[in-house]
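Look for chain A in each of the two complexes below; its partner is chain B in the first and chain C in the second.
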Partner chain A sequence: MKFIIQREPLMESVQNVIKAISSRTTIPILSGIKIEATNNGIKLTGSDSDISIESFIPIEENGIVYVEQIETGSVVLQAKYFPEIIRKLPDKTVELEVDEKLKVTIRSGSAEFSLNGQDAEEYPMLPQIHNEDSFDLPSDMLKDLIRQTAFAISTLETRPILTGVNVKAIDNNLYFVATDSHRLASRQIPFENQTLGFSSVVIPGKSLNELNKIIGDTQENVNICIMQNQIMFQTKNVYFLSRLLDGNYPETSRLIPEQSKTIVYVSTNDLLRAIDRASLLAKENKNNVVKLVTKPNNQLEVSSNSPEIGRVLEEVTAKHINGEELKISFSSKYMLDALKAIDSDQVKIEFTGAMRPFIIRPTENDQILQLILPVRTY
Partner chain B sequence: MKTWTEMASIQPLVSKMLTNGFKQNRVSHAYLFYGPKGTGKRAMGSLLTKTLFCKKKTDIEPCQDCKDCHRIDSGNHPDVHWISPDGQTIKKEQILHLQKEFTYTGMESNQKVYIIDQADRMTTNASNRLLKFLEEPNKETTAILLTENSQSILQTIRSRCQMMAFKPLNTVALQNQLMDKGLTEANARLMVALTNNLSDAMELDKDEWFANARKIVVQLIEVLQSKPEESLLFIHNSWMHHFKDREQIQQGLDLLLLWFKDLIYHATGNEALIVFMYEQERMEKSALIWSRQHITNVLQSIMDAKKKIGQNVNPALVMEQLTLQIQR
Partner chain C sequence: MESWYPKKGRVIFHVDMNSFYASVEMAYNTKLKGKPVAIAGNPEERKGIIVTSSYEARKKGIRTTMPLWEARKLCPELIVLRPNFDKYRMASKAMFTILSDITPFVQPVSIDEGYMDITECENQGSPLEIADRIQTRILEELDLPCSIGIAPNKFLAKMASDMKKPMGITVLRKRNLSTKLWPLPIEEMYGVGKKTAAKLYEMNVYTIEDLVSADSYQLKRVLGINGERLQNRAKGIDPSPVDPEAVHEFKSIGSSETLPQDTTDELEIKKLFRQLARNVERRLKRKQSVGQSVQITIRYDNRKTITRSRKLPNYIENEDDIMGVSFDLFERNWNQQPIRLLGITVQDIEEKQDVAQQLNLFTYEKEAEREKLYQAIEHLTDKYGKNPFIKPKGIEQENQPRTSFQKDFLDDYKQ
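On to the complex of A and B.
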C-alpha cells in the first residue's frame, strides 16, 4: 500500500475516527486506526466495538486533489502515536508506504517515521451497507431528536435496555422514545417510508450522544441505515456505526394517560425559571422535590421546603387553568429537563391527579411529549 | 492451533463429549473445563470457539486459516471475550464490563462466546455477578470457564455449567517426547514433574533463569545440611535475589518440594521415580541427616508456604520460617 495525501484532510479524518477509539479496550486490535487505500480514496476506521467511525477521503473534491499515487492495500496503525505524528509533520503532503512486513513509513518534507503496523485482516469487519433499507433525515432534525429524547435514558445498568433510545416506525410516523421508568421523553416526526425493513430498534444513548458531537448543525441529510446488528448514520464522508441494544423495549404507549383532570397552559420560560429558582433550595433533598399548587385566578404556586435550609415560594401566572384544583410534587430536575426539551413558548401540562403521571406538550403540536411521574409527599 | 483429532489424542473423553455435542446440535450454554495445568484447557476452549465461529469448517473441524480462526488465535475477534485475572483476582468490574457487553447485539455475528481463564480466582462479588448472568443465558451465548481447581468455584456456578474433567497427561509419553527432542533424561523427568505441556517444558529447559533456580535450590539444600546457621543468610543473599515475584517463588518452592519428595522415594526404595537423579550422593547424605518423619513434616511446611505466598504474605518471612522449619 502506498499513497501521497494532503495533511489537512488527513488530520481532519483522523480526528473524526479517533473519537471512537478507547484507550481501555479488551480487544487489542481496536487500539489502532485502520487505514484502507482503494482506487476511490482513503478510508480510516476507528472503533471501540460499541461504536465505529469511518471517515473517507476522496481522491479529489471540488477540483482539489487530495490523494495521489494510490497503490491499494490496508494496514492498522497504533492510534496512540499516529495522530500526533500527523499533527506535527512539517510539510503539507504526507507520503505513507507499507511494505509486506507491515512496516509503515511516513514521509513528509525531511521527516521520516517508521512504524510497526498490524494486519488489517485482524480488524473487525463492519457490516455491509444495504442502501435499499435506508432513509434520510436532515442533520439538524436528527440533532433535535437526540437532544429532546436522549437525556431521559436510564443511567442504571439494572435494566440495560432502558439505557437506549427506542426508535420505531408506526403508521407514517417515526418515534423516538426514551425512559428511565420515572420519566419519559418522546418525539415523533412524520415519516413517509413504508418500505423500511425495521419496526423497532434500541440505540444506546451513549452512541447517540457521540453522534450528536460529530454531525454538524446543518440542513444536510444524514442517511440512516438499520442493519441486523448495527445502525449506521452516514453524512457525506463520515460513517458512524453503533451496535444496538439487545432485547425488547417495554411498551410505552400504555403509560401515557388519555384523559386529564387538570390542564394548565403556561409560558415555558416563566415556569422554567420559577422551577429553577425553587430547585435552589430543593437540592439538599435527594430527589429535588418541588411542589406545584393551582390557585384561583390562573395562579400557580411553585414552592420548595427543606427544613434545615428554608423555604421558597413563588407565584407564576398561567395563561389558563382548566379543571380540578391540584396539589402535586415532582422532581425539579426532571421538570427542567422536560421543559428545556419542549422548544416552544407555551406549554400545555395535563394532570390526572396528584398520584398519576402528568404530561407536558407544546401547545401548538403533539410532536413532543414529556411524561413525568410525581413524587409522593405527605 | 490444535485440531479435534489432535485434541482427541490428548483428552479423548472431553473431545468426544464436545464433538458429539456439535454433531447432535446440543452445545451447552456453559462449560466448566477443569484439570491440572497444561492439560489443554485453553487449547480446547479456543478450538471450541473456532468451531462455533468458523464459516469454512469441514464437518466440525474448523479450517484454522480463515479470518475468524486467525482472530480467535490472536484474541482480536470482536465477539469472543477472554477474561483473565487482573492482578491477583478477577474483579467485579471485569464481570460488569462483560455483562454490559452482552446487552449489546453482536459486532459481526449473532453469537458470542466468553472464556474466563482461572475462574477460581474470581472474587466473591464477581462470582455472584457472573451467577446472575449464567442463570439467564442470552440466546446463542456460550460461556467457557477454565480452572485448575474446580472445588474453589462456587457450587452454584458449578451446577449451572456442564463439567468437563481434563485428565492429567500420560507422563511417560511426555517424557519420551521430550527426550526425543534432545533433552537429557534427568531434565526430561524434571520438566514432566513441573508441567504437562510439551512446549512449556521445552521453553523451561532453555530458560537460563530456570537453570539458575535449580542450582540455587540444590545450594539451599547443601547449606541446610552442612551450615544450617548460614541458611537465613543464604535466603537473603541468594534466594530472594533470584526469586523475585510470587510466581517465581512458587516455582522455587515447587522445586524444593520435588527434592523432598525424592528423599521419600529414596527412603522407600522407589528409585525409578526420583527426579533429581544425578544428585544421588547428596540425597544419601540428606537421608542420614533428616528422618523420614521429619521429611514428611517438611513436605507439609512447603505446602503451607506455597499457600501463604498465594495469600500475599511477605515472601521473605515465609522463606525464613520455612528454612527454620526444615532445619529443625
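On to the complex of A and C.
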C-alpha cells in the first residue's frame, strides 16, 4: 500500500475516527486505526465495538485533488501515536507507505517516521447495514435535535436505559426525548416518513454527542438507518455506526402535566442571566438551589442563599404572569441547561405547584419542551 | 492549687478505656476476671478475627485483628465471646456521663475514648486530683479500668494515655518531650499509620525525634499538609480544640464484609454488594442522612486492596442507588482475581434537613400528595417561627454527649 495525501483532510478524518477509539478495549487491535487505500480514495476506521466510525477521503472533491499515486492495500496503525504525528508533520502533503513486513513509513517534507503496523485482516468487519428502511435529516437539524436533548441524559448507570436518548416516530412527528429523572428534554419535528421499520429506539447519549462533533452545521442530508440493535448515520464521507440500548424507555408523556396553575412569560435571556448570577452562590449550597417567587406587577424574584457565603436576590420583570402566586426552588444548573437549549427569545413557563414538574417552552411553538422537577427544601 | 494550671494554654485529658469490650464482659461476669478473654466477630467462621482481648490474653501474644484460629493456637484456654454492642454502648454512655460531670467540654472520639478540656476546672482540684477522681469513679461505679493522659493539647494527651496501661495516669509536659516522647519509634506516634510510616522511613525518619528535626519542606512534599501537622505535633504543638460537637459530624458511612471463601463468582459478589448496600441504606436512614459519593473497597486473595470512588450529581440514600453505583464501579475496576472482602462507603454525607431534596419525575406524585401537609407546616412555621413538627430522631438524640458511633463499622459483627 502506498499513497500521497493532503495533510489537512487526513487530519480531519483521523480526528473523526479517533472519537470511536478507546484505549481500554478488550480487543487489542481496536486500539488502532485501520487505513485502507482503494482506487476511489482512502478510508479510515476506528471502533470500540459500541461505536464505529469510518471516514472517507476521496481522490478529489470539488476539483481539489486530495490523494495521489495510490497503490491499494490496508494496514492498522496504533491510534496512540498516529494523530499527533500527522498533526506535527512539517509539509502540506504526507506520503504513507507499507512494506510486506507491515512496516509503515510516513514521510512529509524532510521528516520520516517508521512505525510498526498490524495486519488489517485481523481487524473485525463492521456490520453492514442495508439502506432500505432509511430516512434523511438535514445535518444542522440533527445537530439541533441532539444539542437540545442529549444534555438531559442520565450519567448514572443505575437505570442504563436513561443514559440514552429516546427517538420515536408518532403521528407524523419524530421525537427526541432524554431524561435523567430530574429533568426532561424533548424536541419534535414534523416527519412524514411512514415506511420506517421502527417506532421507538434508544441511542446512547455518548454516541450522539460524538456524532454531533463529527457532522457539519450544514443542510446536507444525513442518512439514518435502524436495524435491530444498531443505528447508522451516513453523510457523504462519514459512516457512523452505534449500538442501540436494550430495553424499554419509560413512557414519559403521561408524566408531563397537562394543566397549569401559574404561567410566566419572560425573556429567555433576562431569566437566564439572573439565574446564572444567582447560581454563583448556589454552587456552594447543596444541589445548586435557586428560589423563584412571583411578585405583583409581573415581577419575578430570583434568589439564592448559602449561609456560609452570603445571599443574592434579583428581580426580573416578566412579560406577563398569570394565575396563582408561586414559590418554588430548583437546581440552577437544570434551569440554565434548559434555557440554553430553548433557542427562542421568549419563553413560557408553566407551573403546577411547588412540588410538581414545570415546563418551559418557546412562546411561539410547541416543538421544544424542557421539564424540570423542583427541589423540596426541608 | 492554681499553680497546677498554666497561665496561658490549656489542660487536656485523654481518657482511654483499657481493653474496653473485654473489660465490660468481665464487669458483667466477674468469673472472667484474671482469665484470657477475647471478643471476636463470628467465632465459628474463618473470618472471625479478634476485636479486642484482655491483658491476660495479650500476655500470650493475642493481638487485635488476629484471626481466631491463630489466637487459639497461641492460647488454647482462650475464652472467646461474641460482641454484645448494646452492653458496650450502655457502658460507654455511662462513662461519658461521668466525664461530663466534670466539664461540658467532652469530645467522644470513639466508643471507648474521649478528650476533655479541664482548663476551667480549677475549682474542682488539680488536674491529677480530677484524673484520679474520674478513674476511681469509673472503676467503682462501672467496674471498668481506664488510662488517662494529661497534657497541654490533645495530641500529647493521647500519647500520654498510651504510656501506662492499664489504670495509668500520665502527665506529659512540654519540657519532658525530649525524654518521654521523642525516643519513641515513629510508628507509635498517633496519626502515623503503616503507609505514612513507610514514607517516613524513606526519609530516614525512624523516631519521633527524627521527625522533629526532619526537613519541613521535604515533609510537606511527601506527605502534604499532613506532614506539616505531624511535625508540629511531634514538637508538641497541636492547636485543635476539644470539640463536643465533632462527634455529630460523620463524613462517611460504610459497610464491609469478608466472603466465606475467596470468590470470582459474580452472582455471589452481587449478592454481597446488595447486602452491603442494604446495610449502608439502613445506617444512612438511622442518621437521617444522604450522601453524594460512593466508594467501594475490593480486597483480593493476596490481600492487595483497592478503593475506587465516584462523586454523584445528586445526593442518594436508597439501596438501589447505592447498589447501582457500587456495582458499576466494581465492574469497571475488578481485575477478575478472586476476592476476599468487599466494602461500600457512602461519603460526602449531609444531614437530610440540610439538603434540598431533588424531586424525581417517576416518583414526584407520591411526594406531591403530601404538599398540603407541607404547606400547613410552612404556614405554622411562619406563624410560630420554628417548625413545630420536627420529629425526634430516636434514641441517639439525647442531651448527654453521645458515645461516638464513628466506630459504627463494628456493627458489622452484629447480625
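The criterion applied here is as follows: the second predicted complex is superposed on the first by the 287 of 378 C-alpha atoms of A that agree within 3 Å, B and C clash if a C-alpha of one lies under 4 Å from a C-alpha of the other, contacts with A are read in each partner's own complex, and residues count from 1 in each chain.
Criterion: a contact is a pair of C-beta atoms (placed from the backbone, for glycine too) under 8 Å apart; a residue touches a chain by one contact, two chains touch by 3 or more.
Values in this document were obtained by computation on a predicted structure and should not be read as measured data.
Engineer: Look at where chain B and chain C land on chain A after superposing the complexes, then choose clash or fit.
Structural biologist: On the superposed model, which is not a single observed complex, chain B and chain C clash.
Engineer: Check whether A:Met125 is in contact with chain B, with chain C, with both or with neither, and answer first, second, both or neither.
Structural biologist: After superposition on chain A, A:Met125 lies in contact with chain B alone.
Engineer: Pick one for A:Glu8: touches chain B only (first), chain C only (second), both, or neither.
Structural biologist: Neither partner.
Engineer: Contacts for A:His182 in the overlay, against chain B (first) and chain C (second): which applies, first, second, both or neither?
Structural biologist: A:His182 sits against chain C, while chain B stays out of touch.
Engineer: Just to be sure I read the superposition right, which of the two partners does A:Glu71 touch: chain B = first, chain C = second, or both, or neither?
Structural biologist: So A:Glu71 meets neither chain B nor chain C here.
Engineer: Which partner does A:Ser329 contact after superposing on A: first (chain B), second (chain C), both, neither?
Structural biologist: second
Engineer: Which partner does A:Glu364 reach: the first (chain B), the second (chain C), both, or neither?
Structural biologist: After superposing on A, A:Glu364 lies clear of both chain B and chain C.
Engineer: Would you sort A:Glu157 into first (chain B), second (chain C), both or neither based on which partner it touches?
Structural biologist: both
Engineer: In the superposed model, where does chain C crash into chain B, at 96-104, 258-266, 312-320 or 348-356?
Structural biologist: The answer is stretch 258-266.
Engineer: On chain A, which stretch or stretches are contacted by chain B in one complex as well as by chain C in the other?
Structural biologist: In chain A, positions 157 sit in both the chain B and chain C interfaces.
Engineer: Name, in rising order, each residue of chain A that touches chain C in their complex.
Structural biologist: 155-159, 179, 181-184, 250, 252, 255, 285-287, 289, 329, 331, 353-357, 371, 373-378
Engineer: Quick check on the complex: what are the chain C residues that touch chain A?
Structural biologist: 312-315, 320-321, 324-325, 328, 350, 352-362, 364, 367-368, 371, 374
Engineer: Of all residues in chain A, which touch chain B in the complex?
Structural biologist: Residue positions touching the partner: 26-30, 49-50, 121-125, 127, 157, 160-161, 163, 204, 228-230, 243-247.
Engineer: Along chain B, where are the residues that touch chain A in the complex?
Structural biologist: 67, 70-71, 74-78, 81-82, 96-97, 99-110, 138
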